[in-house]
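One chain, chain A, appears in both complexes that follow, with chain B as partner in the first and chain C in the second.
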Partner chain A sequence: MKRLNISRFYQGMNLTAFSLVMVFLYIPILILIIFSFNNAKIITGWRGFTLKYYFQLFENDTIKEAFRNTMVIAGLSTFISTVLGVLTALGMENKKFSGRKLMSALIYVPLVIPDILMGVSLALLFNFTRVNTGMFTVLIAHITFCISYTVIVIQSRLEGFNYSLVEAAMDLGARPAYIFWKIKFPLMLPGIIAAALLAFTLSIDDFIITFFTSGRGFDTLPIYVEGTIRRGTITTINSLSTLMIGFTLFLVVITKRLRKILISTI
Partner chain B sequence: MEEIRIENLTKDFDGFLAVDDVSLSINSGELFSFLGPSGCGKTTLLRMIAGFEIPAKGKILIGNTDITDLPPYKRQVNTIFQNYSLFPHMTVFDNVAFGLRIRKTPKLQIIERVKEMLSLVKMEDQANKYPDQISGGQKQRIAIVRALINQPKVLLLDEPLAALDLKLRQHMLIELMNIHDAVGITFIYVTHDQGEAMSISDRVAVMNHGKIVQSGPPDDIYERPASIFSAYFIGETNLITGEVIGIEENYVQLKCPDGAGNSLELDSTFNFPPYLGQELTLSLRPEKIAISRSKPRYQDDINVLKGTIEDILYLGSHTQYIVRVGALKFRVFSQHKRVYFDDKALDWDEPVWLFWHDTDSWLINQIPENVLSFNELADGGVNHYQRSSKRPYQA
Partner chain C sequence: MRNGNYNQTLNAGAQKTQSRRNLMSWLLTAPALIWLILFFLVPYFIVVIYSFLTPDIYDVQFEFSLEAYRQALNLQYLSTFFQSFRLAALTTLLCILLGFPVAYYIARAKDKVKNTLLVFIIIPFWTNLIIRIFSWRIFLSYNGVLNDLLMRSGLINQPLEIMRTDLAVLLVMVYVYLPYMILPLYSVLEKLDFTLLHAAMDLGANEIKAFFRITLPLAAEGIFAGSLLVFIPALGAYLIPQLVGNQRSLYLGQVITYKIKNIPRNWPMASALSLTLLVFVAILLVALFALYKRSKKLRRV
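Moving on, here comes the complex of A and B:
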C-alpha cells in the first residue's frame, strides 16, 4: 500500500496557493504593460507593436502638467510631513508630556477614517473658510493624511532605540546637540527614509482626497486618469500607467541602495 | 591619596529610598567594588557618580572639586555599561575615537591614540569591523578602551561581565585587573557577584537596602563579617545564636541552645566588647569545619561537636555534608584530600565529629530580627536539595 506523503502534500498546497496569489496580483499589471504597446484604440485584441502612445504621452500638455502637479505635491507633502513626523515622534518620546496618550490616539485616527470622509470634511473646511481650492488646498490635504503615516513609522523606529547609547555618548563627553546629530539621527534615518517613501507613494496615487480638494483646473495624474477613462480613451492611460510602475520600482530600488549608503557613511 | 569622596548621598525614587545617606571615600588608583543583591542601590550610586541621576541630598567630590551638579559630559568620569552600549552605526575605530573627536583632537593624533588603545586590548586588526561583527568579549574590550581613551580620573564599571559566559568572565576578570594595573586610575566596580568582587577588589563595600553594611579589604569582610547580612551574603556560613557565659582575653564562651533541649558550649573570637548574658550570633564558614569519624586527639582551643550526617552533596571540587546537631544543621565543606580522609568514605546517617579552631569562627554583635528568617538563614536553603543517589568521593 502506498502511503500519502503528508509534508509533500502540504508543500504542494502552499506552492499552489502562492502561485495563484502571484497570478492574480501580477497578471492584470502584465496585461496592462502588454497592451500599452498594442496598436489599437480600444482593447479588442493584439493589433501589432507600437510606441506611438508613449510619444502621444509626451506631446500631451495636459498630461505633462498633471505629472508636474503630482510631483510638486508629492515632493512638498513628503518633505513637510516627514519633518513634522520626526518632530512629533521626538516630542511624543517625552514621557512627561501629559497629552501624550490623547495625541497618539488622534494620530492613529486618520489611518482608519475612510478617505471619502476625510476628503469631504476637508472640502467643507476649505469651503467654510473660503479658501480657493487648488494646489495649496491639495498640498494641505496631502500633508494631513501623510503625517499620520510618517509619525507612526518614525515612532516605531524610536521605540526600539536603546537609550543607554545616549547615556554612553553623554558619558564620553558629548553634549545633547552633538548626540542628536551623531547618534540619534543616524539611527533614526532608516525609519525616516521609510516614512518619506511611504508618504511619497501615498501622495502620488491618492485620488479620493485630491478629488474633493482640488477643485476645477488643478489635476494630478490620478485625477487626469479618472477623467480620461470616463471619456473613453484608454490608450495613453496604459502607457502612462506602465511608466508609473517603472518609476515606483525604480524608487524602491534606489531607496534600498540609498539606505545602505547612508547608514554606512554616517 | 583620596580621589573620590561621597558625603551623605541620598536618592529616592517616588519615596523609595534607593541610596540612604551613604558616605565614603575611595583612594586614588584603588579598585573599589560595590557588592550587593539587586535593588540594594549600588547601580544608583554609580549612576550618581557618573551624573545620570541627580542626588536628593549629599555631595560627590573628585579630588577637591564638587561634581554633584555637573552634567555627565563635564565629569572626568567614564562608565562601562552592562550591555556595552557601543554605537552600532560606527566601526570599532570610530567608537573608540568618539571621545577624542568631541574634543576636536587633530586627526593624526586620533589615529595614533586609537591604535595605541586597540593594541592595549589586542584588537588592532578589528578596527574596521562593526559592533555586531565582533564577539561579546571583544565588545567589552572596545567599551573599556572607548572610555579609557578619554583619560578619565575614575572608571565606573556597571556589572561589566554579567552578559558573558563563565569561562569568558573569568578571563575578562584577569584582563580587567591587568588593564587596571596598566593605566593606574581608580576603578569603581559594581556587581552582585561576590566572586568577582572578592577576587579583583582592593576594597569592597557590601550594600543592602541603600546603605553600606560593611566596607574593607575582601578577606576582612569574608573572615570578620560585621553583620549577619555580610556574613550570609558573601560566601556561605553557618549562623548560630547564643548567650555569652564567659569572657576571656582572646575569646568568648557562648552557650547555644541546639533546639532539642540541650545546649552547646562554643568558643569564638570577637572584635567588640561583649558582656555576660549578651545574645550574639556566631558565624562559622563551612570550609573551616573538619569532619571525621573519630574524635580529635588534641582539643585545646578547639570546638568539638557530635552530630549525624543528614545529607551528602558531591560538588566536584569538594563535598558538602549537612550534619545535624540536635535540631541545628551545620554545613560542612570537605575537600577531597585523601590524606585527611578516614579509610572509608563517610555515609548517610553516620555519627561524626565536627571540630574547628576558636579563631576560625567569628562573633557578630547582632541577632537575627526574627526567628523565622533566622531559620531560613541557618538552613541556607539546605532543605531544597535532593538527596543524591550517587555516592560521594569513593576512598
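Moving on, here comes the complex of A and C:
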C-alpha cells in the first residue's frame, strides 16, 4: 500500500510539472494574441478591443512583399529539397552503396553544428564568388539546410517498408517503372508529405541563415519582424504574429488530417 | 539482410547486378551530393581561407595574416566563449530538469491522451521562433504584462527590470529549447518497461532507488540525444540574446554576427571565431560518442 501511495505522489508531482510547463509554454503566446486586439500603440494595459492593426497589415506593402518573398522561398525550397530528398533516400536504400558513408556524413553533419555557422559560411561563399545576395542566394541557403531533414524523414519511412508487395509484383511480371509508381511511391507518400511540411515550416521559420544570405531589399517575414522589433514599432507585429500562429495551427491540423486520409486510402 | 541472402544464393550474375545497383545509387544521390559539396562543404573551406586574411572595412584583403587567431585568444573573446558555454550548459541542465517529469508524465499517460499531450508540446515548437521571442518581450518588458500584474497585486512597487538581463536570456532559451529535450526523452521513456520498476520495488527497492538504478540509466539515451539537440544550437544562439539580452554582455553568436554585418567588418575575425566554435563542437561530439559507446559496452557486460 505504501508503494502505491508513493507512486501516486510521484505521478502527482509529474502532473504538476506538466501543468507548469504548459503554462510556461503557452502564457506568452496567449498574451501576444490577446494584445493583438488591444487598442494601444505601445505595450501597456488593456485599452479596448480593436481590429485596426489587422487592417493595417493588409495596407502595409512592405509586409505584403515580405509575405510574398517568404512564400516563394518556402515553396521553391520545399519542392526542390523534397525532390532531392526522395532521390537520395532511394539511392541510400541500397545498403551496399559505396558512397553511403560519405552521403550520410554530408546529411547528418549539418544537423549537429550550430546553424549560425552555415549562415557565416554561405555569406562568405557568396562574397568570395561575388554573387549578388538576394532571393537567389536565400533560396540556395534554404535548400541546403532543408535537404538533411527531407532525406532523413523519407529514409525513415523507407526503412519500415514492406518489400513483399514489390516482390509479389515482380513475380507477377510488373515492369520496374510500374512497380515504382503503383506501389512504392504511394507507400512513400506519407513520408514525402511529412518531409515537405517539415521543410516548409523550417523555411518559413528561419531567421539566422536568411539574415546572412539575403541582401538589402530582400526581406522575408522573420527578417522584417526582427527589424521592426529593433526599431520599436511593434503594433502590427502583434497582429502579424497572431496570423502566423493561426497558420501554424492550420498546418498542424491539416497534417493530421492528411495523414489520416492517406492512411485510410492505402 | 535482404541483400545478404541474395548474395549467398546467386552466382556470377549477382556481381553484375550489384555493380549496376551501386551505379544507380550514385546517380540517385548525385544531385544532393553535388549540392551539399558545393553549398555545405566548399563554404567551410572559404571560411578557413578567410580566417587567414587581413580585414578591410567592407571586405577582406587577400594578404596572409594570423592576426584573427591572435585576437581570438584574447581575454575578451575567451570570456565571450565562456559566457556562451555557460548559457548553453545552464539551458541544457534546466531543460533536463523541467523536461524529464513532463516526458515521464506523457509517457505514462493513457494511449488516447498521449497524442493530444504531444501535440501541445509540438505546437510552440512549430510556431515561428521570432514570434515566441517577441511574445516574451511583451510579457517581461518594463511596462509589460508581468510587471503590470505584479504591481496591481501589490507585490512590488516598482517594475522589475527582467528584460535585457542574462536571466531573461536564460529563461527564453529554456522556453525555446524545452521541446527539443522533451521529445527525445519521451520516445525513450515510452519504450521503458515499467514492469522492471515494479519488479525492483517488489524486491524492496524504494522509488528513489528504483529511479536512479533503473529509470535514469534506461533514459540515458534520451537525455543524451536531447542534450545534443539543446546544447549545440544554444552555443551559437544569436536571436534570443539579441532580442531579450543586453549589449553589455555579448554572446558568441552576437559577436560573430556583428563582425560580419556591422561596419567596420572583420570577416577574418568572424571566420576564426566560427572555426573555433566548429572545432569545439567537433571535439565535444567525438568525446561524447566515445563515452556513449563505452557506457553501452559496459552496460552489456
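Note that in this section the second predicted complex is superposed on the first by the 256 of 266 C-alpha atoms of A that agree within 3 Å, B and C clash if a C-alpha of one lies under 4 Å from a C-alpha of the other, contacts with A are read in each partner's own complex, and residues count from 1 in each chain.
Convention: contacts are C-beta pairs under 8 Å (C-beta built on N, C-alpha and C of every residue); 3 or more make two chains touch, one makes a residue touch a chain.
A quick note: this is a predicted structure, and the numbers were derived from the prediction, not measured.
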Item to check | Most chain A residues touched (candidates chain B, chain C) | outcome: C
Checklist entry - Just chain B (first), just chain C (second), both, or neither: which does A:147 touch? => result second
Checklist entry - After superposition on the shared chain, which partner residues are touched by A:244: those of chain B (first), chain C (second), both, or neither? => result second
Item to check | Touched partner set for A:187, first chain B, second chain C, both or neither | outcome: first
Next on the checklist: Touch test for A:170: chain B only (first), chain C only (second), both, or neither?
Outcome noted: first
Checklist entry - Should A:91 be classified as contacting the first partner (chain B), the second (chain C), both, or neither? => result second
Checklist entry - Between chain B (first) and chain C (second), which does A:54 come into contact with in this model arrangement: first, second, both, or neither? => result neither
Checklist entry - Same chain A residues contacting chain B and chain C, which ones? => result none
Checklist entry - Which residues, counting only chain A, touch chain C once they are in their complex? => result 3, 6-7, 10-11, 13-15, 17-18, 21-22, 24-29, 31-32, 35, 42-45, 84-85, 87-88, 90-100, 102-103, 106-107, 109-110, 112-118, 120-125, 127-128, 140-141, 143-144, 147, 151, 163, 201, 204-205, 207-208, 211-212, 221-222, 225-226, 229, 234, 237-238, 241, 244-245, 248-249, 251-252
Next on the checklist: Can you tell me which positions in chain C touch chain A when the two form their complex?
Outcome noted: 2-3, 18, 21-22, 24-29, 31-33, 35-37, 39-44, 46-47, 49-50, 59-60, 98-99, 101-102, 104-106, 108, 117, 119-124, 126-132, 134-139, 141, 143-145, 148, 175, 178, 201, 206-207, 228, 232-233, 235-239, 243, 253, 256-257, 260-261, 267, 270-271, 274, 277-278, 281, 285
Checklist entry - Considering the complex alone, what residue numbers of chain A touch chain B? => result 162, 164-165, 167-175, 178, 183, 186-187, 263, 266
Checklist outcome for this item: The chain B residues in contact with chain A across the complex are 50-52, 71-73, 77-79, 81, 83, 85-89, 98-99, 102-103, 146-147, 150
